[in-house]
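Two complexes, one shared chain (subunit A), two partners (subunit B, subunit C).
Up next, the complex of A and B:
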């Protein structure tokens, strides 16, 4: 098989969802025996492009060529028939069933109407051997560790003998050793002539495993070529593009006063590794890292949504730092994420009830029943303060725009007057106006003395607010930058030490 | 990473735990009564539990897919009603009449399947609805009175080959068939996969809706077979036919080690051992002339234990999330940024 002739070409692919444009000229060329890194920030269009390749979505325009011939991919089954297979980020495992069953579940070999266990075992054993796996086809998946499960997922993708194999963030749940094994497997696949697409947020991995790279931004392919021609920093710059520097919403300032929160070497297997920092009153600290770097995991761990293996968290109480369990810290924190529904907005209920939810003590009447009038006034006060646009406070939250829904989340927390706010992509999916208002609100919170921990993929957003940055990579804090750091420095930090360049 | 040793040990303990209970029940009744551990009584128990075993097989298939069918008692009642009315009022030959029963069972199962899959209604609610409605129709058709079977059919109840009643053989055939269906066919594996996680199964490419539909059809079919067996055992149809059977079947399935969360457990020996557990308790307490209500208490307790074990096995009751190791050293510095900067 020639190394130069492309196996697959995606040419000028466009995809529109109604009036929204997801892809506007994305291209990708794969060659046999190469691993091709597909990079891009959140929302760059990687997933959409891969879903088109996988037959899950249909393109609006453009051409897909397989071995030089134009083809249609109408369904996932179609994709498999063309020799295209996926290893998804989330593992689709059937825990109570055997490895062999998991690998072949969509095409179990039969003999006389019965599943042939013998043939099933033989086929899977052969695949496992190719992958260098030590577990048996008869092992139950629930007895396997994460790395082995990932291998089962790879085995399933290999069962159809693909010419093109797409790995979608395969290492996000793997340990270092398991990652090594995966890279070896990718090496073997390449040697066998398989074209591999490798999607990841980890720069060091692509320099280790890939020959070529394609970077996407805003639904377009912005650059593509041999990896040898790029430095890590170039790739980050391509991913993030030109950052329009907006005015700062408030000048950066140095930490003052006694710390409110002290995080001491918190760790969680496979996610966080000895994360330590302090948070001072009235400061906005940015967790700066690419998606998957661990910034979300830090916030989740602090409020007890994910467990901790080690480390301590201390909160200032009665004038001194006292240890606090993450679950208890949650009650002290205004926690706002991009997932408004997940954060407990009750969409069918009125705005007023949603706001009073964390504040029942303030809306109770004499008998301990909820006083509707009081609840309404309470809600209205916040709606006015946060400029939530609504017809009536009794309007269901569902009928509000995304930005206003997010403000309702803020309103709920403001009622409890927390000293700490953890914001994880608080403006995701909001329009420009709403974004600005949420950012202003964040600045106002800090002005009021609250400490804010902010995680966002958007550099301009971070740069308009943060007093200092903690650089997050691979679940560790690898450095700190002052609020005055410029765009170059911040981008450099992402591809800085530890990215294997 | 892998913790094979402790896992297999735990599984072993759990599996044997159930057998220990079974043996204990057996031992207690053997000691406490004169006739419990006799061949005749054993055959009598198998005979009595045969209809339940058959209906539990259908239930098991549905439960393995992570669903529930509590209409099977009513399906059994209504589908047998058709046979009785056809034989008694229209002189239809028994073979044809019972074929109609089986067809009706499958059709009523299809109705359940349609409500669950087609209309997307929660299986518990869907089959609660059909449980009530179908029994209503059957009561209407029979005027809720007792209708005896024709003499020729009634004599089938005593048919046996040697000492073994025919319905025990029927139950054995059904259990083996259902077990093979579950364990050895693509359909069975797919049901198991659906029970493991519907979304995952759908993503892998299993036609979830169609498979669940078929599971309900089979559940209806098995219910009608069980209905015919009870009908012939009793010799007449009454308003009580199949009543409470749905819950007995759920209990049998769960005690037999099939998880109500789906995807876990086996029909053989699970369903048979589950049914045997309840039959031994009923039979033994009866021979001890215990208070008839005691049976319900004991049964309830056993179901409760079985559910708890199921929840543990399925990981629903996990050991509490590791509490943070709170180290109280407030004075210590957090200036570890320097040391974390250099990574290997």
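Up next, the complex of A and C:
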């Protein structure tokens, strides 16, 4: 039932932050009564584009047209005035207040200066009915389940009677049943003529709910059209871009020797579901899945940073596999987190002391006190070996470039000479040169006999290193591919039938 | 290679401000005293200032260690009074027993705080506020609001001695300060603690045993409260619930904040807490000599806390 005249057009939008380019020609055309999927890998520019649409950011170039006329969106208030509304991924609720209060929090109806509960209740009841919700406007939000809370968020967005409604990863915390209900609601909104933008990482969902799709990559719109013209695998290809098949850093090899680590059906409610695999010495195993598939969760759960409900981990010790608690496994693993600045490093501290964490036993002096001279030498040895560019080993690690910061993270773990390395997006935010160096370093780890678990969104990176791939979808390992698998096969694996990230 | 970036220069400047402001205020105060109340500079008064600083300084070091870990221990004064009273009751079995009981009682209550905060994840502010109330109440109840003052002479002989003219309590403060400085700058525990205060998530990833480190900070602050109990009991000649009056917690927090210990955790040094304590006592003592009311004194301290937290906010905000 789509009408042909676009409701909203974002035309050739550019956005620069200083010298950094966030958007370089992003376009999006919305039609009334249609759901439009906005896809893109992390950092593709989806959020920037939506922030411009929401009036949070101002574009550097380009045009926004509403019903054919050019408009300015100077503030979130402006966006609302133009009928643009958001359903956010993070539920920003006031749990101890009622549904009605949450829905109308920014425009509470008043009478004589006091909030009119009656009018508030009536308005919200009407919205809830439109959504097919069964809870009452007087319920407090904290008594509702996740799915109902999501509905409150939708109701809040609908309170301003928007013509354009943006859903930002609405299903990330919903159960299957709650998801069905959300899709029904989206169907009703479409029927009522609302234009819906649907942002998600789950491919199956867009084929279920959307009519059109726009794919972004590196701040640009790379393709856009009716979903019927695409196969899931086309969308993945557009998202990831042309994978330049670089030289492998080392030839893939079959697992050999006794396994070092055995993971046996580890599960955590809502995140991991019976994940099992083995790691052999000297191999690089890729966890291959889209963002949100559970690859990060697997790594974090193994070292005890997040809890586990079930399952066992066994580590080879004294010649046999022995059960080990995640917290204890942490002591055997060099763990490189995806959040280098937030979790990987202690930014204000000197490079030397960042490296000596986990290595204090090697820098102690006679009295059991830290010997600063030894600490410096220890750090300097690694700085030299990894070619970390710095002017003094005592400078705060915050002042190094991203690539050099990441090398400091590697240096810390190399110092402990672990048998296992877990690397989560180790090249995120690095320039090409630094990327290459980190990848070479990773290959060298495996050459040295360590087992590496690698998670990355960049296919070319994975393909230059991995000896085999574990395919991760929705917190489960759904398959395994050999290191010789080609790009087609790997992309296909992400978009297999009836699957999502 | 020593060229400083604009950012480095800014950081240095802010650091300088943090050190200079208290220094300038203190010097100005001393100048006023020289002019208005020359009695202030009599050796007796100066020694008195150091002695007053000693017990406050010991408690401030305890608070400093808790604060570096990102917590706060409001129960220090109440803990100190409680330990003083329990220890005083134990003096009947001898001075060493009495002092040991003071230290152990303090550490025990610190352990309770530590378990609640580090193991059960409760909010430090609330836990130690509750401990403060419970322990404070218990102290009044046990003593029936009376002072306990019959101690063996030997207790005073030891604690009030002045070897080489320096009071024992000042020596205790110096020793505690030196040990604490070494612990914080050169032990694994010290490094761990700064890491926990700076960024608990990063500390966890770097294999820091978070819970153990945090627990220990509260035990240390409790132990130092017990030590302060012995120092103060000796100086005042009696132990009572009033040792831990409300003004003391304000003084401890002021000392730490003035001494450059960040209430956001992760930065500050024990020596700062000691100098902060000296600064607070100096203000109190000089306002007293000038005949300013005790209550005005409270106003000045309160204002100082807010001013320094504001300074801390400005400097810490940039550093992260």
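Just so it is clear, the second predicted complex is superposed on the first by the 494 of 501 C-alpha atoms of A that agree within 3 Å, B and C clash if a C-alpha of one lies under 4 Å from a C-alpha of the other, contacts with A are read in each partner's own complex, and residues count from 1 in each chain.
By our rule, contacts are C-beta pairs under 8 Å (C-beta built on N, C-alpha and C of every residue); 3 or more make two chains touch, one makes a residue touch a chain.
Remember, it's a predicted structure, so these values are computed and weren't measured experimentally.
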Clash or fit (per the criteria above) of subunit B with subunit C on subunit A: clash
Partner chain in contact with A:94 - subunit B first, subunit C second, else both or neither: first
First, second, both or neither for A:482, with subunit B first and subunit C second: neither
Which of subunit B and subunit C A:105 touches, first, second, both or neither: first
First, second, both or neither for A:114, with subunit B first and subunit C second: first
Superposition-derived comparison: subunit B or subunit C, residues of subunit A touched: B
Which of subunit B and subunit C A:145 touches, first, second, both or neither: first
Which of subunit B and subunit C A:309 touches, first, second, both or neither: first
Touched partner set for A:278, first subunit B, second subunit C, both or neither: first
Contacts of A:326 with subunit B and subunit C, given as first, second, both or neither: first
Common ground on subunit A, meaning residues reached by subunit C in one complex and by subunit B in the other: none
In the complex, subunit A residues that touch subunit B: 76-77, 88, 92-97, 101, 105-106, 108, 110, 113-115, 135, 143-148, 156, 175, 262-265, 273-274, 276-278, 304, 307-314, 320-326, 474, 476-480, 497-498
Residue ranges of subunit C touching subunit A (in the complex, touch as defined): 1, 5, 7-8, 182, 186-188, 191, 194-195, 198-199, 201-208, 266-267, 319-320
Subunit B residues within the subunit A interface of the complex: 1-4, 7-8, 180, 184-186, 188-190, 192-193, 195-197, 200-201, 203-206, 263-264, 321-330, 332, 334-337, 340-343
Touching residues on subunit A, where the partner in the complex is subunit C: 305, 330-331, 335, 337, 342-349, 353, 356-358, 360, 364, 368-370, 372, 391-392, 399, 412
